[in-house]
Structures are given as C-alpha cells and as structure tokens.
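In what follows, structures are represented as structure tokens.
Both of the next two complexes hold chain A, though its partner changes from chain B to chain C.
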Partner chain A sequence: MDTCIKKIRELSAELLEKGEVQKVIGFAQGTIPMATSPIAIESKQDTEKLVFNSTCGLNLANYASKQKGKVAIIAKGCDSRNIVTHIVENQIQRDQIYIIGVPCTGMVDKSKIATLFEDEITGFTEDGNTLRVTSSSREEILKKQDYLRENCLYCTHKNPILYDVLATELVEEQMLEKPFPDVDRIEALDTDAKWQHFENLTKNCIRCYACRNACPLCYCPTCFVDEAGPQWVGKGQNKTDVNTFHYLRAFHCAGRCTDCGACVEACPMGINVRDFTRKLNKDALELFGWEAGLDITKRPPLDAYSPEDPDDFIK
Partner chain B sequence: MKFITIDKKNWTKGIDKSRGTYRLFGPVKDKNWCMIKELDGDILPDMEYNESVMSAKSVLFPQSETILNTSLNESVEDHHIMKRAKNDYTARAVLGIRPYDAKAIQLVKMNFDTKEYKDPYWCDAYEATTFVGMAITKPGPFDFSTSVDSGPFCEEGLDILLADLDDSFIAKILTPKGESFAAACGFDSTIDDKESQALFDILRKEAEKNINCRVETDKLKEKNLLDLHGASFWDDLAFSCINCGTCTYVCPTCWCFDIQDEAKLKESSRFRNWDTCMSPLFTRHATGHNPRGVKVQRVRQRFMHKLKYFLDKYDQGIMCVGCGRCVKSCPVNIDIREVCHTMNTYEKKD
Partner chain C sequence: MGNLLEHMGIERDRLHFSWISSAEATKFVDVVKEISEKVRALGPNKKLVKDYN
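After this line comes the complex of A and B, so read on.
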C-alpha cells in the first residue's frame, strides 16, 4: 500500500497542474510516530507532502464537502463509501469531487501497538505486511495483519466503491461468515450485563466530542448537544447526559455508518465508540439488506418507504 | 527544606496512615492508561507510571463541580436564593503529580487567585491540597518541559519532591505543608542535605539530558500582537483541526469553564463544567452572533492565548508547561511545538 504514494503524488500533481481541481485533500506525515494529518495541497510542488500508509486512519469525507470549487480526495474503501453518503445526502455534488481511490489493506490499531511497550514509541516504519516499531528501550517487528484495527479486520469493502482513478490495483475482498462477531458477543449477554457493558464503555468519556467531530456523518450545522436555545442535554459529567450523547449520536448514524473507525481513532480516552454503531449496522443489514455508501442512486433505509419494509405498522 | 529517605517497604503503610487526615489522589492504572483519581478505599497510587492521559488539574478543578445550591420549595426559608454548595475542603494530597503538572497549577493560580478576584472554589481546594511530586527520570519523547521553565525535577508548586531510587524514595520536603504530610505518614528518616541535593542534581541533569525536544519562545514577547493575529499561516494550520475539545481538556493549564443551572424536583443547583475554546458554543452570544464563528478563529484563539496573550498579560512565560499531552492526543496531530516555532519566527511581510 505504501508503494501507491508515488502514483498518488503523480495523479495529484497532474490534476493541479491542469487546473482540474483546486485542491487535493489527503494525508501528510505527522510530527510524532504513527501520526498523520489531513492536508489540502494546492500546488504541484507540495504534492511531495502527501503520504499514504497504515496510519491514515481518519476519514477525509467531511474535509472535501466543506470546500468551494472542485477538489480531489484520496479515498480508501470507507472514505469512498462516506463520499457516496455525502452525495446521497446532498452534501457534495458528484461533479465537485475527483476521487483518487486507494484499495486499502487496513489501518493499524495504534493503541494496541502502544500497549506492547512500557515506554513511548519513538519510531514506526512499515514495509508491506511488516511493521517496525521502536521505543527508547527496544524494537518490535510485527505483522501488520495481527495489529489491524477491529473495523479493518471485519471490513468487506477494502476497495473504493466510487472513484475516478485508482492509485494501485484492486485488492481481494474477504467474505465473512459472521460479519458481526463483536455485536453477537454483546447480544448474548443478559440485560444487566449488557447495561453494564455500555455503562463501562463511557465511564472515562470527557465529552470532548472528538468521536463526533471525526465522524463523516456528523456534519449537522449545530449538533443536538450544542443546541442552546432550548438546551436539550445536560452539559455536565452526569452519566445520563454523557450516555444520552452517545446513544442519540449512534441512532443518528443508523443506516449511514460505514464503520470507518474514525470515531475510535480520534477518541483520546480509548473508548470503543463503534460498540454503539455496530449493532445498528447489523440491524440495517439484517432488516433492510442495507450497507451504507454502496450506491449513489439509493436512499438510505430510514429515509425511504418500501412495501417490503419488515415492520408491519408502516404498511 | 530538608531531605528524608523512605524505604519502599514502608511506603504503603505510611500512605495508609495518612488517610486518616488526608483525602488522597494519585495516578491509577485504567486499561492501557493512567488516570489521576481519588484513591478510595485502599487503592494505592501507581508511582511508576509514565504519564497520565489527563493532567492533575481536576484535583482542584473537577470537570463538573457544583458551586451553588438552592431549594425551589416556597415553604422553605431562603428558597430560590443560591447558596454556596457544601463541598469537601478537608486536607487532601495528590501523590505522584508530575513536576510539569504542579507548575501548571501555578499558572492556573494566576487566573483563579488574583488581587482583584479570587475564585473561592479553586482557592479553597488549593489551600487544602498538598502536592507530592514525583520527579521524572525517564522523560518521554513528547516532553519539552525544559523549554518552558519547568523540567523533570522542577520544584515550583510542589510541597514534596520525590526521586525514585529503586528500593527507596528520597523526598525533598519543600514547604511546611510537605512537612505535615510527611509527618502524617510517619516518614521521618532525615538524611544529609548536601549529599541528597548533590544526588538530586545528578539525577536532574541525567533526566534533562534525555529531553530531546527544544522549543524556542524567546521572540514571542517582542512580536506585535495584531501582526500575529493577522498572520496568513492560521488557515493552513487550522485546516486539519476537527474542533474537538481534546487539546483543551488534556491540557493542565486550560482553565476555561461554563456555568449551568439544573433543577431536579424542588432542588436546584448551579455548577461549572470545563469548557473549550474549540467549540463554537464557547463564544456564541445570546443574540446568535458569534465573534469566533469559524474554525480558524478558534484555533488561533487557543494558540494566541497560550503563547501570546498570557505572556503579554502576566510576563511569566507562556501558558504551557511542555507536558506534550496535546501533541500526543490530538486526533489530527496539530503540534503546539510547531505552532510555537511558527509564531516565534514569524516576520510580517509588507
């Protein structure tokens, strides 16, 4: 996957030179190991700043939709699905965006790698499936496959769904017999244990809203938790208020979430925010045969009437 | 000032002994992290932690704190009259606080404890607290505390500074508060001051040598405020920012808060919550007007406050202690070290 960066830079330089797009939105190398930062490139020379590797775990869809004029975007499978969602939800027009698709071999779980070390990580490089991670005390050679983020492990859309050009060859998609083993585990718990699971999940939440702000679905001009007149949700650290934020946000993502994992990637407190959205993704698949972001011509299930709707009351 | 030695075998006993007089706070392992929490029951502080994801500011300034209460029941005397909440200001000690976090509390103090205004909640909590610091012998790669008048052995704001010698701690008792806490623990084996100080100096130099980050702040003071404010780099810098509150909440020196009223049945309370200048709601007026309505204005505000306004107002250095938490926690890797460099070297082009 890291070899595709040459192609990404070439394509970007060409698009900017020909004036086909005003900006290319991609990732730049961060200032610390395992960090990358979204960047908008406006000139051919600056395309050298672009990188693409297994630490580009955020989702760029929201960055593209906020731009004026035509932009190009570097899109993994999940980013492309969120661009589809943005087009369906009228956040961006198809002809406003040029998609440089990157078939993805998964992003690494940075906190899982960090737990291997007692001290801070000082270096991270990758070569194909091999990760070389160093701290001041030692070095670990890891197989990328063993340190993928959970959402990447269950991903069945590694290849971009919608693109204008590809930066590298398509990769093989996996077929999963059980696509939601994590949800199955929580579903199998009894009511009290289930409640406890979600109570524990949010106990360290500091309400920084990094999960929401990193989420490509959360583009509301004013989020319900920021509504001040009238105010809908308490602002303190009261459990009910903290959980209300998480539950309502998850429901707002029902039938729209692509499981891109940006929420978990952004959370400074290590909360697996996906535990809220995954159940809704499972329901969308089981009840409506729906996966978000696969088709720009289809309305999401909660936004459309169908005679085949599994709920009787609607017929 | 004196030095005592504490055999680690006696540490737990001493700490437990102090619980009779002190509420204890300290670093506690939580999954992969370390959090500063109240050490309820017999929980012991993890004195070997590398760093805590959140700073110790919450010991004096909780994320959510009730400040006033009243009754809405009209048959009760003084109903609808807000009165100060009965919070616990009995003696407390925070164990294992990092020197940069203790220094940060001194910076926060400049705001909460001034000649004109005193924040009673913060000041009372401060008065009640003894700060038992743990010197840093292995600074992390994000630590740039020595660039900003702090450092791995910085004593500012501490009552006791501990240094870890494997089997024992050497404690430098810096204030009468520190002395009282050591006495409450029964730690009283004094050792030679000169020798101990010499050892501290060696350890400090060794630790400081391991800090590889250097951030220059020397030219910030002379920069014209409006030039910096109008500089063109803010747009690029703010592009990646998702405007979450992570940097401000993990920051040991960010002190902004919001006031909220809540009522439940006939009881009403007023409390304050940490707020963040990254949120549009932070400055939104009742009219709907927002002086910092767009992202770039908010990003600029955070850095201008830390690196310029604070410096200009108090002339006590910048409002940053170099802990590196925001560098590490920012979801999009906005790095205050780089921003500081950009501001420090900025030259206005005519």
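After this line comes the complex of A and C, so read on.
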C-alpha cells in the first residue's frame, strides 16, 4: 500500500492546483512510530505531508462533513461506506466531496504489535505484507496478515464503494462463511455470562468519549451523555452509567455502523468497543439483509418502513 | 432493541412488545397477565440498576 502514496500525492496536488477542491483530507505521520493523524491540507507543497500505510486506522469520513466548500478525501473501503452514510443522512452533499478511493489491505493492530516488545517501539516500516518493527533493543520482522485488526480480518468491503478516482488497483474481496464469529461466541454464553462479559469489557472505561469522537456516526450537536436537561445518564464512573453510555451509543449506530474500528483504534484503555456494535451489525444483516453504506439511495433499516420488516417480536 | 438487551445479558422475558387497540380490553388483560407471570418467575432485576449507596 506504500506505493499508492505517490499517486495520492499526485492526485491531491493536481486537485489543489486546479482549484477543484479547497482542501484534501488525508493522513499525516504522527509524532511517534505506528501513529498517523488526520490532516487537512490546502496547498500543493503540503501534499508531501500525506502518508498512507497500515497504521491509518481512523475514519476520515468523520472530518468530511465539518468542512466548508468542496473537499477531497482519502477513503478506504470503510471510510467510503461512512461517506455514503453521511450523504444518505444529509450530512454532506455528493457534489461537495471528491473521493480518492484507496482499496485497502487492512490496518494493523498496534496494541498487538506493542505486546511483542518490552520497551518502546522506535521504528515501523512496511513493504507489502512484511512489517519491520524496531525498538531500542531489537527488531522484529512480522507478517502483516498475522497482525491485522479484528475488524479488518472480517472485512468484506476492502474496496471503496463510492469514489471519483482510485489511487491503486482494486483488491479481491473475501467471502466469509461466518462473518460474525465474535458475536456467535458471546451469543453462545448464558445470560449471566453475557452480562459478566460486558461488565468486564467496560470496567476500565474512563468515559473519555474518544470512541464517540472518533466515530463518523456520532455527529449529534449535543450527545445524549452531554445533555443536562434532562440528564439522561450520570456523568461519573458508576458502572451502570458507563454501561448505559456504551449500550445507547451502540444502539444509535444500529444499521449505520460500518465496523471501521475507529472506536477501538481511539480507545486509550484498549476496550474492544466493537463488541457492542457488532451484534447490531449482525442483526441488521440477518433481519433486514442490510449492510451500512453500500447504497446511496437507501435509508438505514431503522429509519425506514417496509411491510416486509420482521415483526415477530410483537405479541 | 430486544435482541441487544438479550445479547448484553438482560433476560428476554423482561421486555415485551404488543399492539393493543383501546377496544381490546381482554387482550390487554391477557398480555399484562402473561408479562407479570414471566417477570415474577425471573425475580427482581439486579442488572443495569443504579446503586446510590
């Protein structure tokens, strides 16, 4: 994927030079190895700052809707699905955005790589499927396939759904016999074990809301957790309040989540926030045959009525 | 919603959905009876309850 950055820079420079877009939203190298941060560039010279590699785990669709004028955006498969969702939900108009599609081969799980080292990681480079990670004491050569994030492992939409131009060739999509093995595992537990699973999951949550802020779906001007009148949920570390936040946020994402993994990427406490949303993604697929962000003309299932909607829960 | 609650470990029988017309008094009684029997069988809920002590 490293090679496509040249093409991304070329395309961005051309767009900015011709004045077709005011800004290009992409990734820049972060201040530490294995970190990238979103950047909005406005001049041709700054295109050198753009990077694209296997550590670009955040979702840029989050920044697309908050811009004025026409913007170009670098979009992986999941980013493009969130852009589709933004267009469907009227957060942005199609003609306001120029999508530079990047077929994606997955992002790496940074915390999994970090566990291999006792000391701090000082260098990270990649070449195709090979990752070279160094710390002050040693160097590890890793296979990228073994260190993919879980959501990338189960990803069936690596290629952008909607794009104006592609930065590299389309990649082959995988077909999964069981797309939700993680949800199946939790479903197999009994009621109390399920409860315990989620209690353990959230016990380290510090309510920093990084998951919400990283999520492209969470664009409400005032989030329900910040509302003071009425105060829907307490603001402290009470575990019922913490769980209420997570469950309600997940439900707000029902039928809209693209499993981009930005919430997990942003979490400083290493909580697998996707455990909440994955169940709803599974239900959306099984009950409504729906995957979010695939069709610019269709509203999400919980936002639309169809006589075929399942109603066997009403007695 | 019911599916999510069940997934997070709240017993399914605690949540009921029903469509009852204002003219269907007997159906209302039947549904409420059924709900209260099922919930009584489960006992008091201790999950997702805020402890103020």
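Basically, the second predicted complex is superposed on the first by the 311 of 315 C-alpha atoms of A that agree within 3 Å, B and C clash if a C-alpha of one lies under 4 Å from a C-alpha of the other, contacts with A are read in each partner's own complex, and residues count from 1 in each chain.
Everything that follows uses one rule, which is that a contact is a pair of C-beta atoms (placed from the backbone, for glycine too) under 8 Å apart; a residue touches a chain by one contact, two chains touch by 3 or more.
Everything numeric here is computed off the predicted structure, so don't read it as measured data.
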Inquiry  = Let me test your reading of the model: by the given contact rule, A:Q45 touches which partner, first (chain B), second (chain C), both or neither?
reply    = neither
Task = Could you tell me if A:K194 is touching chain B, chain C, both of them or neither one (first, second, both, neither)?
result = second
Request  = Could you tell me if A:N213 is touching chain B, chain C, both of them or neither one (first, second, both, neither)?
outcome  = first
Query = Does the superposition put A:K279 against chain B (first), chain C (second), both, or neither?
reply = second
Inquiry  = After superposing on the shared chain, does chain C or chain B touch more chain A residues?
reply    = B
Request  = Have a look at where A:G234 lands relative to chain B and chain C in the superposition and call it first, second, both or neither.
outcome  = both
Query = Who does A:T156 touch here: chain B (first), chain C (second), both, or neither?
reply = neither
Request  = Go through the superposed model and pick first if A:T122 touches only chain B, second if only chain C, both, or neither.
outcome  = first
Key: Contacts on chain A seen with chain B and repeated with chain C across the two complexes   = 234, 238
Remark   = chain A contacts chain C in the complex at 183, 186-187, 191-198, 234, 238, 240-241, 243-244, 247, 250-251, 254, 279-280, 283, 313-315
Remark   = chain A residues touching chain B in their complex are 30-32, 35-40, 58, 63, 111, 114-115, 118-120, 122, 136, 204, 206-210, 212-214, 226, 228, 234-238, 265-266, 268-270
Query = Okay, in this complex, where on chain B does chain A touch?
reply = 30-33, 35, 50, 53-54, 63-64, 138, 140-142, 239-240, 242-246, 248-250, 258, 260, 262, 271, 273, 276, 279-281, 284, 327-329, 331-335, 337-338
Note = Touching chain A in the complex, chain C uses residues 1-4, 6-11, 16-19, 31, 34, 47-51
